[in-house]
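These are the structures in question, set out in turn.
Same chain, two partners: chain A is paired with chain B first, then with chain C.
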Partner chain A sequence: MDLFLNLVASGLVIGSIYGLIAISFAIIFKTTGVLNFAQGEVMMLIAYLSWSLGTSLALPFVALIVASIVISVAVGVLVERIFIRPMIGQPVFALVMVTIGLAVTLRSLTVLIWGPDAEPYAASIAGGIVEIGPVVLFSEQVFALALFAVVMVLVFAFFRYTRIGNAMRATAMDETCALLMGVDVRRISSMAWAVSAVVSGLAGVSFAIMFSRAPDLWFQGLRSFPAAILGGLDSPIGSGFGGLIIGVIGDLSEGYIGQGLKEISGFVVIIIVLMLRPYGLFGEKELERV
Partner chain B sequence: MLTLTNVQIMYDRAIEAVRDVSLTVRPGQIVALLGSNGAGKSTILKSISNVLYPEEGEVLHGEIRIGEEDALALSADDIVRRGIVHVPEGRRLFPLMTVEENLRMGGYLHGRAAVAERLERVYALFPRLKERRAYVAGYLSGGEQQMAAVGRALIAGPKLLMLDEPSLGLAPQIIDTIFETIVSLNRDEGMAILLVEQNAALALKVADYGYVVENGRVVLDGPAERISQNEDVKEFYLGFTEGGARKSFRDIKHYKRRKRWLS
Partner chain C sequence: MRTHHFVETYERHLALSDNPVTWSWTGALLVGLVVLPFLVGGYALSIAIAIGIAVVGAIGLNLLTGVTGLISLGQAGFLAAGCYTTALLIDDYGWSTEPALLAAGVMSALLSLLVGIPSLRLKGLYLAITTMAFSFIVTHFLLYAESITHGPYGVRIEDLDFLGLDLGSARQLYYLVLAIALITTLAALNILRTRIGRAFMAVRDHDVAARVMGISLTRYKLFAFVTSSFIVGIAGGLMAFQFRFINVDIFTVLLSVEALAMIIVGGLGSVAGAILGAAFIVLLPEITRSLLDFLPAAAAEALSIHIFEIRGLLTGLAIIVMLRIEPHGLIGLWRQTKRYWTGWPLSV
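Let's look at the complex of A and B:
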């Protein structure tokens, strides 16, 4: 039983990282229809930048998080402006190819600048071990869980109650009609990239604190992909929950069935889910009035 | 307040949808744009709102002016800021949003207070929408959707409201409601209306001025009464012959139908 609970807990921890990255996939896909294959790399870039800042300035933890958010916004806006904006009007497939190219470029660039070695993320959170009944967690892991909960609530509120969030939903549903409402669709796209970069950037920082900042950080982006599909690519909240599910299933299958299953269990799950619910667990079906 | 001069619009730089169209809407006027399917009416409205580019459409010649300003240089959101609001064909509500969220989207460019006040006015205009405010828009009936679409445009505070086939697919009673609203907006608030319609009889009844569009060209224009007196309009759009008797299309020689506007 203890093993089970601990596996679930560690699954939830890694799942909240997957969930955050999946949310950032979903935000961009929902508003602009682009699947950003460079999401993991954008996340890695932000984590590295934030690491450099944290180690050179020795910022307190809260200041570091705020600085990471600022960096994320800048990275998101720049990526959109430089790589995505010029492609407007091209087929979506071409845009997706651009994100793949961007992914490879960022991966190499990171190694080029920071070198291939992993480094510990110096700015760990004070604390240590937190015990909840039989479950033992590090404070970094608790931080990841808390971060996930906070981001989920904020994302939900953002899309439901804010003017920009509603404009993003409207643009997703009917772009021309959003234009007719006076929505500046290009600005909305740039904001979607910024918001998405913030969410994935926080995930990257949190992951780097738990393990290390290493040039294979981008791989978490790929692992989170099943979470976004599972939850429904057009549903940020659903994608978040998808992350938790994939995380828990990954850890349980590794704990009970065997080493190596963690990597593939998520993809097995999405194959099954997509056969049963092609739009994901929480995705939006086309509304049809009868 | 709005003038189009010799506007030519192409899709994909290959298909000419509109050629040499000139039209004017003056403040406080109701202008009707009549014509059959595919005549280019909707394309004209889209060119005014500057939302042709998602469909690869482009204004190649001519100019569109709002007052003295060159509308072609303005972005779609600037056009809305100038008070020109477009209700697209087929309602186009945001299907997964509630009625109220849809209405609020109309006020995207406006402050909270202005939106709240206009929202109450729209609810007073269409009490049905108030009952349905929490419903998901995609599940509304066609008539309710049209009311919501018009209401959404009104929340943007238009000086010129452009309506693309507001009667399409609606029950006569609903059409009456919509048209009464249009007339009262024009009469009581001095709102200019640019009305695209296939239902010529209905449109000419409320309009001050009319344009007839065929194959992307304006073939006839004039005050609404004069247009409804035109023999060709009577025959082809209103469905009457001189004596008021109905006429079979079999009796019309095909060349006469084809050349009907050239006289």
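Let's look at the complex of A and C:
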């Protein structure tokens, strides 16, 4: 039983990272219809930038998080402006291919700048131990869980109550109509990239604190696809929960079935999900029969 | 100004090319490719072999992604399946090389049904993710099913001969790869001008319209999957012949992305494009390496330890730049140039 609870807890921790990344996939997909294959790389870039800032300036933790958010907005807006904006009007296929190209480019660029070695991400919150019944968690793991909860609430509130969030939903629903209602549709795309960069950037920082700042950080992006698919690609909140489920499934199958399954169980799950419910648990069902 | 030529008989319509100039240049290119091994050294020959294998793989992927419009990020998985099938059949089961190479294609095609059938309801992006998931599952299986695949130790094969060709000699391996690349090219060109090829394109351009015109989406999507994976599997088998020692580490996501880069840079949906793109992407790091020699020694040394990253960077940039300036790829650029000269001085 203790093993089970501990596996679930560590699954929830890694799942909250997947969930955050899945939320950022869903935000871009929902508003622009583009699946951003470079999300993991954007996340890695932000984590590296924030690491450099943290180690060179020795900022207190809260300031570091704020700085990371600022960096994320800058990265998101820049990437959108340089790579995505000029492609508007091209078929979605071309845009997705651009994000794949961008992914490889950013990945290589990061290693070229920072080198291939992993470095610990020293943060003042790391190192403590929190015991909840039989479950033992490190404080940085608790931070990841808390971050996930906060971001989920904020994302929900953002899309529900703020003007920009509503404008994004309107754009997702009907771009032309939103344009006629006075929404600056081009700015929405830029906003979506910025918001999603912030969410995934925080996930990257949190992951780097738990493990290390390493050049394979981008892989977490690919591993979060199952979460986004499971939750529904057009539902940020659903994708978040999808992350938790995928995380728990991963750790349970690693613990009970066999070694290495953690890496792979998510992908098995999405193949099954896509067969049964391609729009995910929380996504909107598209009526299209061919 | 030269007038365009007019097609007047059915025979000329049906021909692969009715233009004698095209035929004579193709002939010249073939002669060039046949004498190539006698002109260049061992390193250049090994690159030529790599290009040949990449051509086979890119043509296969192009049938699926370029012609039928089903995005695949699973190229590495299908290559791995083919490569391991050939190597294991030869090494562990004592098969001779000819059936082992065919088995690579068959195995890959069978596996493609496994991804293809559940993916039939999916379009574009979702399919890209399923194929990527498939690729991860394949490499995971290869790494952990140690009793079948030798797991992390890899597979070594030696002293092969294929229909009398000694594959230990680079020159003879080159001729085998050249022959298979030629067969693949001809097969793909011929598929594209039949009902099947036109049905593929119809599915890509508008699936609902294709369905209304009586094209069974299920059948043609699956057929595209199977044909493409068969060809990719063969390319995988050839990789086993070239490397002799294979390991699961080669089959990364980057390999799938490189394959996509080949067909995007070359020209989506065009066989000639796939060939150009494959040559371009394989040569890209080699050209960079030779350009590095012109840099000051210190800079060149600093960059040469990062050759893997530079390769990734160039692949990514090649995709982005090509999509930005010419979505039809190198072959599109070539067609534009040709049109410009044909229409000169009235061309725009």
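Observations on the structure shown:
One rule holds for everything that comes next: the second predicted complex is superposed on the first by the 282 of 290 C-alpha atoms of A that agree within 3 Å, B and C clash if a C-alpha of one lies under 4 Å from a C-alpha of the other, contacts with A are read in each partner's own complex, and residues count from 1 in each chain.
Everything below uses one rule, namely that a contact is a pair of C-beta atoms (placed from the backbone, for glycine too) under 8 Å apart; a residue touches a chain by one contact, two chains touch by 3 or more.
Owing to the predicted nature of the structure, the values given are computational and were not obtained by experimental measurement.
Of the two partner chains, chain C is the only one touched by A:112; chain B is not.
Once the two complexes are overlaid on the shared chain, A:100 sits against chain C while remaining clear of chain B.
Of the two partner chains, chain B is the only one touched by A:170; chain C is not.
By the touch criterion defined above, A:122 lies against neither chain B nor chain C after alignment on the C-alpha atoms of chain A. When the two structures are aligned on the shared chain, A:89 is found in touch with chain B, with no touch to chain C. When the shared chain is aligned, chain C comes close enough to touch A:268, but chain B does not.
Of the two partner chains placed around the shared chain by superposition, chain B is the only one that A:179 touches, whereas chain C remains out of contact.
In the superposed model, more residues of chain A are touched by C than by the other of chain B and chain C. Chain A has no residue lying at the interface with chain B in one structure and with chain C in the other.
Residues 89, 163, 166-167, 169-170, 173-184, 284, 287, 289 of chain A are the ones that touch chain B when the two sit in their complex.
Within the complex formed with chain A, the chain B residues making contact are 49, 51, 53-55, 75-77, 80-81, 85-86, 88, 92-97, 101, 104-106, 108-109, 136, 138-139, 152, 156.
Listing the residues of chain C that touch chain A in their complex gives 69, 71, 73, 115, 118-119, 121-122, 124-126, 128-130, 132-134, 136-137, 140, 143-144, 207-208, 211, 217, 253-254, 257, 260-261, 264, 306, 309-313, 315-320, 323-324, 327. The touching residues of chain A, when paired with chain C in their complex, are 35, 37, 83, 86-87, 90, 92-94, 96-98, 100-109, 111-112, 222, 225-226, 229, 233, 258-260, 263-264, 267-268, 270-271, 274-275, 278, 290.
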